[in-house]
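So the structure is just underneath, and the comments pick up after that.
Per-chain numbering from 1; labels A, B, C, D, E and F assigned in written order.
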């Protein structure tokens, strides 16, 4: 009985892929591999290519990660320190709560607050100085960069929370030993604790990456939804999720929705691989200290 | 000595940097809350906001009751589907985790947690909407259920796994049946953790937009029939926010505030429950 | 917290010791009776009895062993065990003296009878009294009593010296024959052994002081 | 005289010496183990263990870690069933009934109670902890009430908790929790009690309390204790089994089984002596 | 004869009796503790602890759990700094330098090494574990190479690991890991070594190995060991401090400090005797 | 694994025992020399020396104590310790006999000189030899040797009986005076004590067998 129930998870997972594949089949057969490399998206001529969306998705996510990772780990280290527990507790809880805030809320905030601000105080100044570098020119309110920015804010809590747990999982004895050997706080953290936690933190990172890749709403609201490989990180772009979110409901015919669903399929496969890697890594750390 | 002085200095400096970064991290997160509250507050002040449903732009007294009700129905249905299954599954994973494929189940549910909600929306669409040829609350509930299921499973398993093995052994050593030990000794001990899991799942589900876009789809009127289209809070925020009309944008902020309060509320409760669980487990 | 097992074993050990003491006492008594009544049979019995005494002694030692190796006693407990064992050793010796007296009795029985001088009776009384009382001191762990008993040693010594001098003078004066000499010498040795017994009592007293207080003292 | 001098020797013999105490009345084999071998999947954990656990006596199993003493203990109540791939061969007879093959597992475990290293009290009141199993066994409340009291009394906990039976068990100290665990297992009135390092998590004071308790329980129960603390084995047990891991086979085997007093004074086997005198390895 | 009969007694006195051994050469106070009190926030953990730890001797601190022995140990290298709200008053002098007030913490901790209950090897190779602290001190590689070897030799581990110095430290057995921990702390050549229950996680065999090692190290280091295993304290130490929690104040205090042999034979304090003979509480 | 501390303490204990043995041996030797040379001073010295013997004995006991209470020895180790202690007890006794011989010597010195009969020399030789050899047996833990030494007891016994008979006959025959009698009796006691010494050697031998093999045996 329970055994049967327990299998629902894998069953569902397989179902999802199977059904989406079946739904996407027309597109898969019609475009073949070219779908992944095609650059235009034209419902009228029914020519669809996923590359710009894929590019958008991947770049936004990685950019977000680059911004969030160092900060996240730093905060995690801060939180894992003992002392002023209540204080750290409050901050920790606060950050975890922010992980729970619906993405649509981040979206609206990004749309009306973050994006304008970042346009004025980040994009413009940078492009003024470094505009001569192509991909730092043409600042815009709705841009790939701002999407990354909001993503960074959104994954920061996850990143922090998991990293903190991993760091806390490092046996206290290690810290004590290092300190007893006359190591400073930094030496202890940097040479003993973080190395011990490394795999776990890496796992957390990739997990966050997965989140970023799949994030739909917030990105859709600020990325500008232009279906092209943007010339600059400050220009509008598109992501797999956004395309689906924006176009699926009005998609007509067979090939158009099929293509959209194929986009979804691509998205799933990307996140799936990323996730699997992450999970295996996290697990390995846990086991290390379980022994 | 000299070197040691340098070491102390380096250590101090790096500590300072860590603190600085923490502050930096807190700023945007703080701002999110601040703006949601400050911008959403005005619209929340009107009682109609909670009693009335959609009014065309310009017509005063617009409200979001239809969205709240919709969310309630969707999440309610989803919970009915996801939570019981999730709990049993979680207990099974923790209690019989020796089974070879258990680790696969675990991996699957983890992956499911990470699957983009939009894709799950697509799935629900293909599974329910397409065959029935109309958007419906049911399809939305299905989507949300799929979102919730892995969360419930994993948190339940986590909570159960937290219970020291000694408890299990002691129970069996007293000559009690395996399933009795699992359900009458272990599960009660893990109850708070399990509840936490359920609550978190609910919170997550009630905040999701993407899966509802082409399942529940949305509805401007207050309806209770899950077989038809349903509005939901997140949908409201999403749709109104992108409108050029100030009034709708304000309603969006208002809805956002309601949503945030709801979600954070649930979270805080679950957290409180969880803390009791941890204290208990550690004392076992 | 009692440490039941350990206490139980200590108790049984003390008990065995008391048994041993009683046996010793009866041995000495028997030996002296034999001497007084010139009863060769009784003397013989004393000698055979001695084996039980040795057996008891062996067992007490073994028991002490077992308790030490299984209970890891320290401080007072250990002292107590060792003390009991010291005492056992002394008792076993006393037993030997009883046997020796018995042996000499057998010699005397073979010789022509003569009235036994009063001192022997006295010394016997005293010695037996000491042994008896020291046993009580052991049982009710009574240190002052032990000291008191030890102090009586002097009296016995006095008697022993008197007996010695008298016998020597006797031998010196007047015409003697081998039998006479043999008898005198034997009696002398009997007295000597009685004196040794009361010495041992002193040692036991010292051991009691030790096992109760942990102090090493020289009595008498 | 010959005759009435015997008593001087006889009673003494019984007093201090477990192996002789064992001879009168109780002490017949309660559990017979013959040629017991044990495997975790491919690797063998025990080989040809053969000995007899005497009734209403305390039997200690000692040996360095990895010698399989815990494994052996877990055979007697089939705890190893929890581990798949665990397999036992040979025979283990409890009152003549085969333990390894019995289908009546629940009865077996009620007959053979077990106390673990960590007391792990159930997350409920002290009373409910003791009453837990009886309730599931569907005893009527009066009987349960009775049992709770008895068990707590026997485990020398009653006086300490009788006024707070409804407090959570977790509010007890480590030592008390362990005694509660014992009470819990007494509640189903077992005949054999297996103890797996019952004191290794306790401080000396609590430890000695438990040891005294064992000495008490011995009167009515057959106790088997696994401990890596030799001194403890020496202190509490009547019989001792010494186990060692076979250097080649990497499996545990029984080196020597004897009355405790003998084993600690005149061990028959070189390795035993080496181990108990600390000249080992 | 008078004259040349003395030697019959003299040398013997020194041999078996630590407190007398202590008298010749080493044994002067290395650490002086005076009126030491310790607090965790509001609650007092130690009160007025005053005693002296003799140089190049093994000093054991025993007592029931909660008597503050570990706390006391952690004062000597200021480990308690890790716990905020922990506060110490009184004086602790190490070679005359005040430990409580010193700002030169790193130096203190290099001088006063510590070994914990759980060895917790660092997530790196065996070699790197030992080389950890020296590298922080910026020693040159040749010197480090030298130190690694020495430390491992002194901790009686060299022969077992010399061919696998680059294996992860976690691949060692529990006992080896503990000796590695010792090597690790020897590497910075401390003068005092604090040991907090170093054997409570080990089996008897590994334990005795460590105890022998301590007997060796005693020649060059001042060792302070906290253990709840009285027998161990008795076996290894020259001096023993017995601590107890004050029933009213709930703080730990030093009941008796004496040469081990004396403390275990003629304890001066009732409570000490009660504790070591197990008649306690 | 050696258990360094424990071994060290055992060693030092054995060492102390040997010291004690040597002292006993020299005591007996001295006593006999005094007897032979009629040297009151030397005799006196033997009596004063005895205190060191007792001190040594006290210390060995104490040491055994300490080792037991701190090292929790079992099996062979414990047996060994106890064995050493038993032996110490015997040695201390031998010391007492030496003292007694010395005391008697003082008595004899006061009496008119007469040539000492050969047996005394012989008995002395034998006794000392036994003590000496049993010490060696202890040192190199040589059980057969111990047994051999014990067996020599018979020879000493034979001599003792001869001395006894001769002296008694002497006293019986012919005219004697108090001095003569005193002298005879004293010599008799000397011989008696020598015999006792060699008895003790037998006990020591038994103890050696015990501490090496764990068997309790009756030798001689």
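Assume contacts are C-beta pairs under 8 Å (C-beta built on N, C-alpha and C of every residue); 3 or more make two chains touch, one makes a residue touch a chain.
Just so you know, these numbers come straight off a predicted model, no measurement behind them.
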| item | value |
| --- | --- |
| Between chain D and chain F, the fewest steps along chains that touch one another | 1 |
| C-E or B-D - the one linked by more C-beta pairs in contact | B-D |
| Copy pair chain D, chain E: interface residue numbering same or different (half cut) | same |
| Inter-centroid spacing, chain E versus chain B (mean Cα positions, whole Å) | 52 |
| Chain centre separation (chain C, chain D; CA means) in Å | 47 |
| Intercentroid distance (Cα basis), chain D paired with chain A, Å | 56 |
| Residues of chain A touching at least two other chains | 184, 187 |
| Residues of chain F engaged with two or more neighbouring chains | 1-3, 6, 65, 69, 72-75, 78-79 |
| Contacts with two or more other chains, residues of chain B listed in rising order | 7-8 |
| Touching pairs - complete list by chain label | A-B, A-E, B-D, B-E, C-D, C-E, C-F, D-E, D-F, E-F |
| Chain E residues touching chain B - in the complex, by the definition given at the top | 104, 106-107, 136-138 |
| For the chain F and chain E complex, residues of the former touching the latter | 1-6, 8-9, 11-13, 15-16, 19-20, 22-23, 45, 48-49, 52, 55-56, 59-60, 63, 65-67, 69-72 |
| Sites on chain F touched by chain C in the complex | 58, 61, 65, 68-69, 72-75, 78-79, 82, 89, 164, 167-169, 171-173, 176-182, 184-185, 188-189, 192, 216 |
| Residues on chain A engaged by chain E in the complex (per definition of touch) | 82-84, 171, 173-184, 187, 191-192, 195-196, 288, 291 |
| Chain B residues within the chain D interface of the complex | 98, 164, 166-177, 180, 184-185, 188-189, 280, 283-284 |
